[in-house]
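Listed below are the structures to be examined.
What follows is a pair of complexes built around subunit A, which joins subunit B in one and subunit C in the other.
Entry: the complex of A and B
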């Protein structure tokens, strides 16, 4: 029998998992990827909260409806000439008495490349199994739960919203370009059509998968030299034990419980 | 039956773990187990607690003595001794066995006495030292103030002291001294769960199946 045994029911385990989510805080990543025909540089941050915990023998914590809150910033360049042909106003000459022949210059419109930044925040819920682990890392015992499989992320609504946001952002940028007025709707439509829902999901999916792949919540940490009482004075030094072995499992009886077992020594 | 029962969390320490915890106390705060009057302990350190000598008319400096407990060993109910325990634990109780060394200086003078064995350790004028080592057996219960658990000796037995009235006197003294010493050996309840959760005690501590058990809400 273990020297120390602690058990938590699903209610308590839920609180431990939520504390682990809070402890993880906000994680960030940045890279570049394809946005339809474009290459977009992106930065994203994500945090996790909530969810209902169910314990399954021998070592599974199932979290249902865990909320993934994310913020996505990406930026891509778009050459308007790709959708609106460049054109030139022809040179017009007229003969003016006493002055002679006067010609207007030939004016050519070469549509610029526009830079479109997008900022999008949203949240989605997912459910997945996490596996309990207890590992000694250096001088510290770490009990964490690691996601078993990458869950299915429902990103279609977000993709549609992002695509709409791209259209709005593009229109706002294009309206400032001379001569674009008559072509504004065409240009904005051309950009969103070029990207399409598939283009957005092609970017968003891998970004969000990056955050949930290998997702790990640390639910408890303790020093291998575990302090029972702190050092309070020269005559009352710290009292500590050594945690020689630690395990985390799930046991089921009339209730499912998270079990921590430790062997200690003085 | 689940461990947590109707509560959120449960924590227990087996008697082997409890003895490891006591040993940790013994190693770090030995002074809670060893007491000496100024001739043994001019001041309190981590290894010995200085206590006043017993003043007595005609004895300069009073009666100098020391009391030292060797590391106690606890057995939680049920009895794990195989029937050899002098005071086996009853339901809900622990038994504790320890050797106690009593040292008395007969006469004054320079001391340098190791109270753990009553023998001189240095040079100088050494007074006559009398010492004895007694094996004490205790039965008691676990107490709690809601944030920590402690030990309360309820019965004590010292075998082979005659006459019986002397045994009773010494047992009475030992019970008082031991309970005073045990007051300092308190184990924070969160330690029983390795601080995995902030357990607010709702039931226990209870001794059963060689363990101290507590239940609480997180």
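Entry: the complex of A and C
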């Protein structure tokens, strides 16, 4: 039998998980990836909050409706000539009474390369199982819960919103390009059509998966060495205790409990 | 591509033209800023104006392309032989060539694209929708409005219709303080040509580009440019 045994019910475990989410804070990453036919460089940050905890033997903490809050900024550039055709302003000749006939040359418009930055923030909920893990790291025992599988993330609504945001951002940027006016609607539509929902999902999915893959919350920390006062006498000196072994499990009796068991030595 | 409406500094999509009504050899320069350059320095080009061999009405236009090599602007062809009353038109051949001024001296007259005088032409292709209130940056009272609208072309048919409308002739003539017409309505992509019959040196400049000081400024070159004595 262990020297020390501590138990937490599901309410207490929920508080421990929420503290772990707060402790994790905001995590960020950046890279580049495909956005439909375009290459996009991106930066993203995420934090986690909420969710209800259910304990399952032998070592599973199931978190339902955990909220993933994320901010995503990405930008992609492309040659506008790939979306709308280049064209030329025609030669214009005017006979001016006091000068004579004056003709302008043909002026050809080569569409520029356009850079479109997008910033998008949203949140989504997911449910997943986390496995308990106790590790001695330096002079501390760390109790973690680590996600078991990558959960299914419902990103379709976000993908649709991002695609719409791309259309709006593209129109706002393109409108300043000389001579694009008559092509503006076609160009904005062409960009969103080229990317499509699948293109946004193809970028967003792996980014969010990156944040939940291997997701770990630290739910408790314990110093390996700490001092206690014996309860035999008030004048007895305090004693240094070492936690030699620590385990975290879920046990079911009349209710499901998170159990921490420690073996100690003086 | 610079879309500023300002004849003082020319860009791709704009042209400056001038009718040469006097015989003689004109030397001109290409500059990146306004201001007169003393003839005879480097980077000069020439126009030799001969006695007219053609009948009245048979005057020709000669087109000079402005190109850039590194930071240096040059004209192609470098030297022109033209008849009296022929027109020379300068333009840039690609968007990389921007901010240029043509200024020269024929011995009898000086000419300067940044201060247009008699028998000068300035053209500007309007690429952006909007209302352009133009005026003379040198303080004369001339001015006008160009209203540019962009059609929404959602199909091939409307695109073709728009493209066909681009060769519409939009001419504004300036004679002293008289501007005709004072207001024009065009669509995106159309070109407006300003032709100057009489002037003491003006510009066609979007009012938004002028500071309040410039708007109310007196023409710093009050007197017409004098002919040089031989």
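The working rule: the second predicted complex is superposed on the first by the 242 of 266 C-alpha atoms of A that agree within 3 Å, B and C clash if a C-alpha of one lies under 4 Å from a C-alpha of the other, contacts with A are read in each partner's own complex, and residues count from 1 in each chain.
Keep in mind that, in the parts below, contacts are C-beta pairs under 8 Å (C-beta built on N, C-alpha and C of every residue); 3 or more make two chains touch, one makes a residue touch a chain.
Keep in mind that what you see is a predicted model, and the values were worked out from it rather than measured.
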item: Which superposed partner A:220 touches (first subunit B, second subunit C, both, neither); value: first
item: Partner chain in contact with A:100 - subunit B first, subunit C second, else both or neither; value: second
item: Contacts of A:92 with subunit B and subunit C, given as first, second, both or neither; value: second
item: Touching partner for A:183 - first (subunit B), second (subunit C), both, neither; value: second
item: Contacts of A:2 with subunit B and subunit C, given as first, second, both or neither; value: first
item: First (subunit B), second (subunit C), both or neither touched by A:265; value: first
item: Which partner, subunit B or subunit C, touches more subunit A residues; value: B
item: Subunit C-contacting residues of subunit A that also contact subunit B; value: none
item: Subunit A - residues contacting subunit C, complex; value: 87, 89-94, 96, 98-105, 107, 109-110, 112, 176-186
item: Residues of subunit C defined as touching subunit A within the complex; value: 1, 3, 12-13, 15, 17, 19, 57, 59, 61, 63, 85, 87, 89, 91, 93, 95, 119, 121, 123, 125, 127-129, 150-154, 158-159, 162-163, 166-169, 171, 173, 187-189, 191, 193, 195, 197
item: Footprint of subunit B on subunit A - complex, ascending; value: 1-9, 11-12, 15-16, 143, 220, 222, 226, 228-229, 234-241, 243, 246, 251, 253-255, 257, 259-260, 262-266
item: Contact set on subunit B toward subunit A in their complex; value: 1-4, 7-14, 16-17, 20-21, 23-29, 31, 44-46, 187-188, 191-197, 210-211, 218
